[in-house]
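The following pair of complexes shares a single chain, subunit A, combined with subunit B in the former and subunit C in the latter.
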Partner chain A sequence: MTGIANVWELATRNMRQSGIAVAFVAIVALFSVLNSNFLSPGNITNIVLQYSYILILAIGMVLVIIGGHIDLSVGSLVALTGAVAAVVVIKGGQPWWVGVLAAIGVGLLAGAWQGFWVAYVGIPAFIVTLAGMLLFRGLTWVVLDSISLSPFGGTYYQIANGFQNGLLGGMGFDVFTLVIFAIAVVGYAVMQWRSRMAKLRYQQVVESLPLFVVKIVIVAAIVMWFAWQLAHSRGLPNVLILLAILIIGYSVIAQRSVFGRHIYAIGGNLHAAQLSGVKVKTVNFWVMANMGFLSAVAGIVYSSRMNGAQPGAGNMFELDAIAACFIGGAAVTGGVGRVTGAMIGGLIMAVMSNGMQLMGVDQSVQQVVKGLVLLLAVAFDVYNKKRAGVAR
Partner chain B sequence: MTNRPLTHPAHPPAALPPPCPPSPPGQPPLPRTPVLCLQGITKRFGAVEALLDVSVQVHEGEVVGLVGDNAAGKSTLAKVIAGALQPDTGLIELGGEPVQIGSPSSAHALGIATVFQDLALCENLDVTANLFLGRELKRSGLMHDGQMEAHTRSVLHDLRANIPSIHTPLNQLSAGQRQAVAIARTLIGRPRLVVLDEPTSSLSVAQTAEVLTHIERLRDLGLGVIFISHNLTDVRAVADRIEVLRHGQNNGTFGPDAAQSDLIGAITGATRFGGLGG
Partner chain C sequence: MSEPILEMRNITKAFPGVKALQDVDLSVQPGEIHAICGENGAGKSTLMKVLSGVYPHGSYAGEIVFDGRPMSFGSINDSEAEGIVIIHQELALIPHLSVAENIFLGNERRGTGRFIDWNRANAEAAGLLAQVGLQENPVTPINQLGVGKQQLIEIAKALSKDVRLLILDEPTAALNDNDSEHLLGLIRELQGRGITSILISHKLGEIADIADRTTIIRDGQTIETIDMSDPTSTQDRIIRGMVGRDLSHRFPERTPQIGDEVLRVEDWTVYHPTQVGRVMVDSVNVNVRAGEVVGIAGLMGAGRTEFAMSLFGRTYGREITGRVLMHGREVSTATVSDAIRAGIAYATEDRKYYGLNLIEDIRRNISAAGLRQLSSRGWVNGNEELRVAEEYRASLNIKAPNVLTPVGQLSGGNQQKVVLSKWIYTDPEVLILDEPTRGIDVGAKYEIYTIVNRMVADGKAVLIISSELPELLGVCDRIYTLASGRITGELTAAEATQEDLMHLMTTEKELVS
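Coming up: the complex of A and B.
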């Protein structure tokens, strides 16, 4: 049944995803009207840097949630991995990359520890990671000897605060940034075109050609506008490059790999997954271990941005990451969610915090608004599910 | 898989059940080889004899209806065939070869596919993902979506299944469509024999009709089908032969045109061990 899908079909086919994207655009539009500085090059760079570690955590967290688990320990693990890096680099005088490797090693070990209890002993992740939250926080105090360490300086500091700028020169703007984004846009267009061709070959429904072109042009325009803003500010942040690699890599894992498919199956119907020959324990173990790895990456970025390690670092990060996933369309019961959705969810939180800060909204009011947004997003999800249930 | 017939350790070799006859008793000789031949299957749970000396044969392109009252041993027999239970005594021949079905995965390897009463499907995944769950096709490390989708289309086409799109998540399908997906899933492993345990028990009239059509399609594809149900109307609509179980024993073999009263008599025990029909 080959055919052409119209705009309405496209919008309804992925109602939850497009709903959240529309909400994101609406929030950005609202703040840009309320505050002229909101879309300034400096502020856009700032939003990316300020919330990058939450986005990195949300990438791992959405996989955990899709698998039907939760991880409450990531905030503590961010602190612990940052502390280990600080001890190695600041106290030990080792080069920056030794600190990075040490942090990643600790993160993987902590993730594997939790994965062992969840997958092979069968203790619910909520309990295991609640214990991990206390355990890793305590270890952070031990590692840091209850005092803050700073500054990193040097290359380690540049991880989260550096920019790729001036590599190709430019007149008041960074050509390198524009070139990288242009390559990304072309890559996106080529991939979309190839996927469209493959769909046609297997006789699937695709949108009409003009619609397809309009979609590509709109995406390209938004991305290049964003690149232009960055190029006018300080160039391409290192963190943004890291984030892009992680988002693309983990999207491929979630959507195209057997491992990703099995995470969805376990979260959807554990019994069916077992009967179908999915190696449930192995998959659960690696989902938790991977969360440890990404916590370490976030820990490195955070400690680099803060230029030091504090015993209290990363407090409540787990809740921000979990909120990003649920706002981005992940289901509380597991089996549903996307990496890109979690990223949009995280950006909604980021944009709201940043926008309200710029407007001078009180911290307490910010918390109230964020809480309500989370509640409304999940309520919308439940409402959609009920409607789908009735239609069945 | 070994070629050693299944025997209870306590039994001397002389107690082996006789090998499968070329055609079932009371039936005209069939030219086709029996896909599955069960001889003298006995399964005890403690003192309870769930199956006692049960014999069933299925040929290629034949639908055998397995009927009986609750606790007659239908589901136990299905589990024995699916490898989920091991019989205490008895001989299982697959395509003329004596086999041991040690686990569900070895049953799958032998070409036996089973659809259990509680469908093992993931409602959050789409049709293709469910068909290939646990045996995804890969190309350079990633899933080969195109090939899996093409295969899904052809299987659904073979079944004449009415499913709007193979990209539909199962929670948007009706109970009958899900049953079709479960049946289609069995076809992915290129089975010789399909066992369906109560596939119509929770379906509306129209959905039941659709599932019965799928069963007929399985027969037309040349597979042996065991259709377990306690709905006589459904069984008589598609079965080529009806085997009645009562208290874990064979209680008669009937043709599809057997009188309803004879079947009910055999099921309830009013008549015993009769080759009354067909």
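Coming up: the complex of A and C.
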């Protein structure tokens, strides 16, 4: 089995993943041609800030979907956790971190509540989280007394609106941002190299050395260009750091941990997973509880960005998060999907919304376009599976 | 010989990367029962899909002549309009609908206008049921009937469509001997009424009994068509044609080296999961020794799978009582993980439903039960996983381009080898195999038996549950018989005959009930 894979093999080995990446690049290219401001440093920073909470939700959602479930309650839970933080910090006058801990506590509790019904009582997640959607929205009103609370100000406000910059000075741009990204790129290259060496030790197929180098250089160039743009705007957003940690952490959990494998196994064939010794109830419980945790993180980011909590916050977020997963290649029936795919799916939605907003496209048209993109992405999936002869 | 009712000439059908059929010829005489034999993946099902229009005209090369006229079917509806009806291996009945509703599904009996005339439908259904020898009420939901009766209802459904050529794809694969016999009798009866049948089957005894002629397909090509009345048309000849080699022994040789007792199950009793008070397994006592292959023979419904699954992590039944001892010490098998840790592995009879994650690749299916060995502190060593998968692919001869192939794309025999790999990798002391060769071809069966032999040569113990008596007699050292949840006999394979076993598997049943 040892050998060198060529470009074509690499591209076709994972049609769905490469297809979605190509679509993403094409959409970015399209908008940058249509609107010269699209790739400006300010706008790129904006996209990151504006859609970060959807991406955070999509990380948890993709695990839920891989496990064969769905979570409709995340929008309401974003509102509830934000409201709890607002009550603690604004009304109660507690320091920012107490608000953060309270929100995460509530998120975990809500997730555990739903996990209990899904895993141990055996009620389909669709029903449990539909109930949760109403339940948490109602509780948000109770917690907020049906009025908005603002402003947070101070450190809590900085979570979603702050930047790491000026730490190393700069000449019209932020050196610190560039240094952080450079370290990340070097880290990426080293990891890739070590993985390549390990694969060779196990006599697996790898790409040829020149191709490997080209791949690393291209990735490095894109990432450093992105860093350059950020550095020319306001520096490195706090949210981006948080997002990077979550994406890397959860990707590794999904792909390399026993827990992650068990989620895929349950979504792929519940009965086979059970008979293979997977503790189905425990895994389902933690998948739902984790979604509650990430909803709280998204709730904190969102309330911080809005600098307050509103009873109607987070409305329809669940649908954006679910759409991101399906555009990113997750299967409706479970067992298939990736965190990185969901991130690209979320970014496609983000880039399209932002691009259309810049061009002054009407809100109604934006909705129509997003709906069509979701439909086409899944249709592309179904078509591919039929061609591969997997669909039955 | 008269004009053939069906002639398929030079049928060639290619899928991306594979040629499934190449210049296949098939000629069927009116009123005959024509069997098609071939290993899994030989192209039998593909040929039948071409014939019935599942693969529409134009997606294959070659011609189909039915009743003297060339045919170009665009869909299943076109072929059914000509009286060609196919009954698939996996039954296509809707569980919650009634017998009559299923029979006339897609072909509803209309009254006035667009509305269904239920009286007419039920009355006609009752007539059709009588023709297939069933005395069920047409309004009974399908899921209240057993698999054997469901199979007969499929035939009734075919009769409702004025069938002239009936294609049966492994109709008896899921049936016990009684039901099989009944079904084959019915096919013969239909023959008397002038209905031509094509029968795809792995059960060579069945073919020898019923078929007039047999066409053998291998690797997408017609090998030969033989007349079954010819005395040289023996099972061995068919096997030779199917595998392209002489299988002088259908079971590999083994010299048993039996050691100490490994597994002992005492007074194992299991109740039905929903029907209160119904005993499914009744005070069963069995034991297996190291290096020994022990069989459990029982008809469908005897409690074989119920016994195995209740033993393996209590995945079946309730109010389970009894003791499980490994090497003389009592162990808990309350959960699947407990059972695996105790050294028990169970390869299910229903590999698609219980055994495999079909959308996942070979590698991850093999590692699914053994991630504990592949991981430290909850992190999986992906490279080691790949190495293990490659090792099993090579040693169990799993035929696939590589271990990243989804198991859903493999043939039945290769899927079964993946299931075996998964359980052998957990390094069990006792391997329980539930119908390990169901629906797989002769060549792969031989390979599975070889794997079993290798296991016991390593000092493991193997427990085989099977309804194929020749298989049990061929592989086992000792055989228990099970009827109505009770052990009714224990014989050494050397002294047992098929008749003895069948006797023990049925007589007690009548006594109990």
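As a convention for this text, the second predicted complex is superposed on the first by the 389 of 392 C-alpha atoms of A that agree within 3 Å, B and C clash if a C-alpha of one lies under 4 Å from a C-alpha of the other, contacts with A are read in each partner's own complex, and residues count from 1 in each chain.
Keep this in mind: a contact is a pair of C-beta atoms (placed from the backbone, for glycine too) under 8 Å apart; a residue touches a chain by one contact, two chains touch by 3 or more.
Everything quoted here is computed from the prediction, not taken from an experiment.
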Looking at the combined model built on subunit A, do subunit B and subunit C fit side by side or clash?
-> clash
Could you tell me if A:283 is touching subunit B, subunit C, both of them or neither one (first, second, both, neither)?
-> neither
Could you say whether A:133 touches subunit B, subunit C, both of them, or neither, answering first, second, both or neither?
-> neither
Figure out whether A:57 sits in contact with subunit B (first) or subunit C (second), or with both, or with neither.
-> neither
Superposition clash, subunit C versus subunit B, among 79-87, 205-213, 223-231 or 475-483 | 475-483
What residues on subunit A does subunit C touch that subunit B touches too?
-> 1, 198, 201-202, 204, 256-258, 261, 264-265, 268-269, 271-273, 275-278, 331, 335-336, 389, 392
Within their complex, subunit B touches subunit A through residues 104-105, 119-125, 129, 133-136, 138, 141-143, 145-146, 149-150, 153, 165, 167, 171-174
Which subunit C residues qualify as touching subunit A in the complex?
-> 15-16, 312-313, 315, 335-337, 339-340, 346, 348, 353-360, 364, 367-369, 371-372, 375, 378-380, 382-384, 386-387, 390, 402, 406, 408-409, 422
Contact set on subunit A toward subunit B in their complex = 1, 198, 201-202, 204-205, 252, 256-258, 261, 264-265, 267-269, 271-273, 275-278, 331, 335-336, 388-389, 391-392
Touch list for subunit A against partner subunit C, complex | 1, 198-199, 201-202, 204, 255-259, 261-262, 264-265, 268-269, 271-279, 331, 335-336, 387, 389-390, 392
